[in-house]
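Following this message is one structure expressed as structure tokens.
Labels A, B, C, D and E are assigned to the chains in the order they are written; within every chain, residues are numbered from 1.
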């Protein structure tokens, strides 16, 4: 499977994530789109780790491994980030009763 | 033992101390104490100069180096004094005449308030200090230091009575013209440094021969322009007559004896350069002669006693420059010495006349003072005789030497110079007869106020009279007394005598007789002309000469007015609209800009993310499409 | 058209479509469901690429934990179609345009030749297995392993600090005021 | 039948990557999805159907119902969810450790012990802070 | 495997981690603000001192970290910054929050993130430490729950950080694709073999620039800075302005110096555009600012722009100039925010410049400190700021990047305006309506002392910088 397919797929996902981030105002949806973007990146990384594994399989048995470990850490970190993020969003909801990311723009100019 | 001359720094040191004491404590000190310190310091340095003169006489000359005045990388300017025949002679003139004038001015300035009295003497001491610095400097920079100091003091002293705007304007004029000269001097200095890499005389002169003739000519011409400003020659002389605004002893000291000789000293000191540049020597000769003639003609028609003397100084300096131009340096220096004597004498005598007349300076309202001011009259007479070159007096010997060397150089020069000498005799005796002979034309009240000046003024007059009389014997030419030319012999180590005299003794004798006879004739003519004198309006040529050939008005039109107008234009038109405008616009622009840019800060998170994505786009675009 | 190719295309289309639906759907709950579908599609991809461990972790962490959290928060805030913040038409357009341009630029940047040849072969290679990953994790990447524990610590403290209302100032343990409904 | 499956699998060389090894998962998914689909289908088919507007309304003991049925969930459930995520991820870290337990030896053990230690402190903190305490 | 010997290499990080644990347990046992504060101070000090025990030379810790002179220098710098911030925040929090012990845990953990980032030599470790730093910062920024501004800035930071980290990851993925390695040395090796950078690598690098640019608040990605600084509490803003930016800048230096990314002309042009924009916009926007914290935010953007100039002068001297300027920037910012904290009282922070009107008459010593800080930020001679800028200029001119040097001078010219405006306000007449008659909460002993220390440091580096320069000279060559 040529890597290009994976690149285009993850690029598309990434773009959809960004569009989602730009369009949706709801903080939760916002985070979902971020998750999509992160998943796109993870997919790309796994594809590249397999690519490097295929290229250097002869020399080093565990060639592309650090790509996959990086994906593992990304997933783990994303979980932590989301948990704190949602805590803040709940706090926002409790103070302002709305989840619109742009609701508060008192901090102007 | 280290050469005794190392102590030569004491000479300028004492006037400096005098300046500081008088300057700082002028309010506290009493007038007599001020006079004492003022004159005392000059006396001490005079004694030291005599000692130096004796040392130099028996062949001991030296360059005393003290510390590094300026050291920038390889270029080094030592603070050094050069003591040789030329500088020791000048030392004598400056300190000697300086001391006499200091004594004279103690009484002349008696009616000044204590504080101003102190100020006057501190300026005088400072002047003597900077003049000594100029003369003793072993390199151009120290000389320039003195050069500037002297110009400053002349400005301060001319504008001594600063309340009178006329006098301060004259002081400005003097200072600005000197600045023009100094500017040329500075250019020459830079040129020398760039070409020879050093400013000390010995190094510069040794390398001078290696320089291209064009370089040397430019340097010498620039130096000469500096000299013309300082010694009041053709283009830059108009400040000297106006400088008479200062007190008379000041005019005597600065504008007769010492400062005006600075230019001559500098040209003589850089003799090595000038001998390599025949063109500039001719320029000097011609300028000198032209100035002499011009000043003499103007002096004939002047009615202010000091103005006449001022113009006569200008013309005598013209003669000296003529001598330098034709290469007769020793004759030039000799005339400098004698001129210092009788010109100081004339000025001081004029001072005592003005003192007697209660400040009146216009000779048309004087006359018939022979009886009242006996000593002043006699000394004034001696001065006139000396300046016109009557045989036994010093003027005769020095002027004759110049005429002789002019004759050798070029016949025409001699003829014009002779005509100049006759003019000198004419206006000097006109002055003499108008002030002292004939009937008194002043007011009644001035009439009975006339009295002889006190001793403190008359004694200096007498001393100077004796000097003017005896001064000539220092340089008796060979035809009278074999080996009599003491001054030439004294100066020989510094100024080796130029080639042998081409003129035989007989022609020399004839020339001398010719000049003396003509001068006597002119004096008799003047006697008849001015014995019974009635002031009447000048017409035609006389009016033209009276108005100083309208030179001042000429300068006014050519230089000063356009400059004023340009300055005015610059200040209000250009500065106000363009520069201020520009600054305000920038200020307003920046403020306006920052207000607009702040709108970007909308507080909306999505717009932040949008900007992030767009900038991402921009970076990618720059990365790829730029590379193609 | 081998089995893997079909699977690949199916999963890719599924992922893209559901991602689009996540963005496009009105009701946040629907977008959560679509997102879960995206995660399954991507896990499918991992399986194709023989990254079995990552596939499982993806399902457990993302689909399992994070989506649950999302649902909780949505339920907590009782969000549904009605109080969805309205969207400004122009900004949306700008957003879509920006996303599209970025996609175009990146594709243009990355489509050059040499990546075509390299293959991320599917179906072979066992680096995706759990023990190889584990071995690598605990030998080379031990310090990040500890750092992630610290990360979770800070996440815990952060969550509690932000989440909890005013816990009583006196000694801990005594339960705070009844949390606001 | 299960015995057959086991026997057949163990016999073959356990090549991890070939398709057969995915069989168990496949079966698992099929069963789960199948069960749900089956129940939905059967109830849909067997149950009596009379669709009337008011019948479909949610019955709230006669009172006119307004708004939707959803009740906002209390905050404390939220905290539990967050902490669940964090500790769930902790478990994920144990899977690879468990598999290489023997291979890693003592140093691996210390590393994981430290890891668990951190989580323990976090947990103690949470307990003390009463984040997990259910209000009455 | 990290053997025991390896442990003493990352001693400071371990100390801070353990300190966080102990603080957490102490809170679980019994809340006491004073103890927590003192303990945190102690742990920061211990971390700073422990750096001395790390042996000289550069040691790789399992290919993820490299503990070299450069890393150690920044560790000390961040530990000291942490120390100063903890000291400043005691009274500030005492007046506001009841429950303020967690603040210290989060502060310790985010500093830990910064410390690990500074010595990390591998993208995984960089990403993890970046996340540790960010996650604890989310909570810190939104710490003071009462004020809505805190929450809003928290949300903003969260949202933007999440997006930027996904950009960063995408960039890292692309770089990984091109080089096959994730550690910097591996990448450098991968790169040099492939000669001219391929399209993919440049795209990856661009994406990484976006991610890092956000964290360092360079211009196109700076929009969050003013809101966060104004919204978050003053000590947290100080932390964000100094530690988080400093740590990311250190990694940036390490990344681009070891991989030689700057040799590529395009990358260099992109960075120049960013640097120029940061310098100009940073100072330009600050011109009309009334809110002191927003003003400091914009000035910090400007200063990062100046740092980029040194970064772009690729020579060793550029690196030294950048490090020196960073130290000066740290001191300046900490002192500036310290004064803001000192001035803020129970009711609210001394947000607006007018609150400082006539400060000179009320508290001359504080006014003197604040003036020196402003002058140092503006770069007036005799202060460290001036020397910092001087080294920047020499580094810049040496390499001949004239555009940047000119923009630097112009923007510090613009900068002068608003710095001196603050100083002028301080010396203006006392405002009659004594608005905040509330006593200022800053106590002389700890807070005033620290401010004076920073003030003296500014002057000391301004007058006698060689002591600091020698240290920097040693460490600079190590990274090459």
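The rule is simple: contacts are C-beta pairs under 8 Å (C-beta built on N, C-alpha and C of every residue); 3 or more make two chains touch, one makes a residue touch a chain.
Predicted model only: the values in this text are computed from it and were never measured.
S.K.: Using each chain's Cα centroid, which is most distant from the centroid of subunit A?
M.R.: Greatest centre separation from subunit A goes to chain B.
S.K.: State the pair with the higher C-beta contact count; candidates are C-D and A-E.
M.R.: C-D is joined by more C-beta pairs in contact.
S.K.: Could you tell me which chain lies farthest from subunit D when each chain's centre is the average position of its Cα atoms?
M.R.: Here the answer is chain B, farthest from subunit D.
S.K.: Going by C-alpha centres, which chain would you call the most central?
M.R.: Of the chains present, the most centrally placed is E.
S.K.: Between subunit C and subunit E, what distance separates the C-alpha centroids? Give it in angstrom.
M.R.: 31
S.K.: Report the inter-centroid distance (CA atoms only) between subunit B and subunit E in whole Å.
M.R.: 69
S.K.: List the centre-to-centre spacing of subunit D and subunit E in whole Å, with centres computed as mean CA coordinates.
M.R.: It comes to 42 Å between the two C-alpha centres.
S.K.: Averaged over CA atoms, how far is the centre of subunit B from the centre of subunit C? Could you give it in whole Å?
M.R.: That gives a centre separation of 96 Å.
S.K.: What positions in subunit D touch 2 or more of the other chains?
M.R.: Counting only residues that touch two or more other chains, subunit D contributes 75, 78, 82, 85-86, 88-89, 92-93, 118, 121-122, 125, 128-129.
S.K.: If you look at subunit B, which of its residues touch at least two other chains?
M.R.: 598, 601, 603, 605-607, 609-610, 613-614, 616, 620, 623-624, in rising order.
S.K.: Subunit C: which residues touch two or more other chains?
M.R.: Only 50, 53, 57, 61, 65-66, 69, 73, 76-77, 91, 94-95, 98-99, 102, 106, 109-110, 115, 125, 133, 135, 137, 139-142, 144, 146, 148, 150-155, 157-160, 162-163, 165, 167, 172, 180 qualify.
S.K.: Judged by the touch rule stated earlier, which pairs of chains are there in contact?
M.R.: Contact pairs between chains: A-B, A-C, A-D, A-E, B-C, B-E, C-D, C-E, D-E.
S.K.: State the interface residues of subunit B toward subunit E in the complex, per the touch definition above.
M.R.: Residue positions touching the partner: 590-591, 593-595, 597-598, 600-601, 603, 605, 607-609, 611-612, 614-616, 618-620, 622-624, 626-627.
S.K.: What residues on subunit E touch subunit D, complex-wise?
M.R.: 1-3, 21, 24-25, 27-29
S.K.: Using the touch rule from the top, collect the residues of subunit C that touch subunit A in their complex.
M.R.: On the subunit C side, the touching residues are 4-5, 8, 12, 15-16, 19-20, 22-23, 28, 31-32, 35, 38-39, 42, 45-46, 48-51, 53-54, 57-58, 61-62, 65-66, 69-70, 73-74, 76-77, 79, 83-87, 91-92, 94-96, 98-100, 102-103, 106-107, 110-111, 115-122, 125, 127-128, 132-133, 135-137, 140-141, 144, 148, 151-152, 154-155, 158-159, 162-163, 165, 180.
S.K.: Considering only the defined contacts, which subunit D positions touch subunit A in the complex?
M.R.: Contacts found on subunit D: 75, 78, 82, 85-86, 88-89, 92-93.
S.K.: Sort out for me which residues of subunit C touch subunit E in the complex.
M.R.: Subunit C reaches subunit E through residues 106, 109-110, 112, 114-115, 139-144, 146-148, 150-151, 153-155, 157-158, 160-162, 166-167, 169, 171-172.
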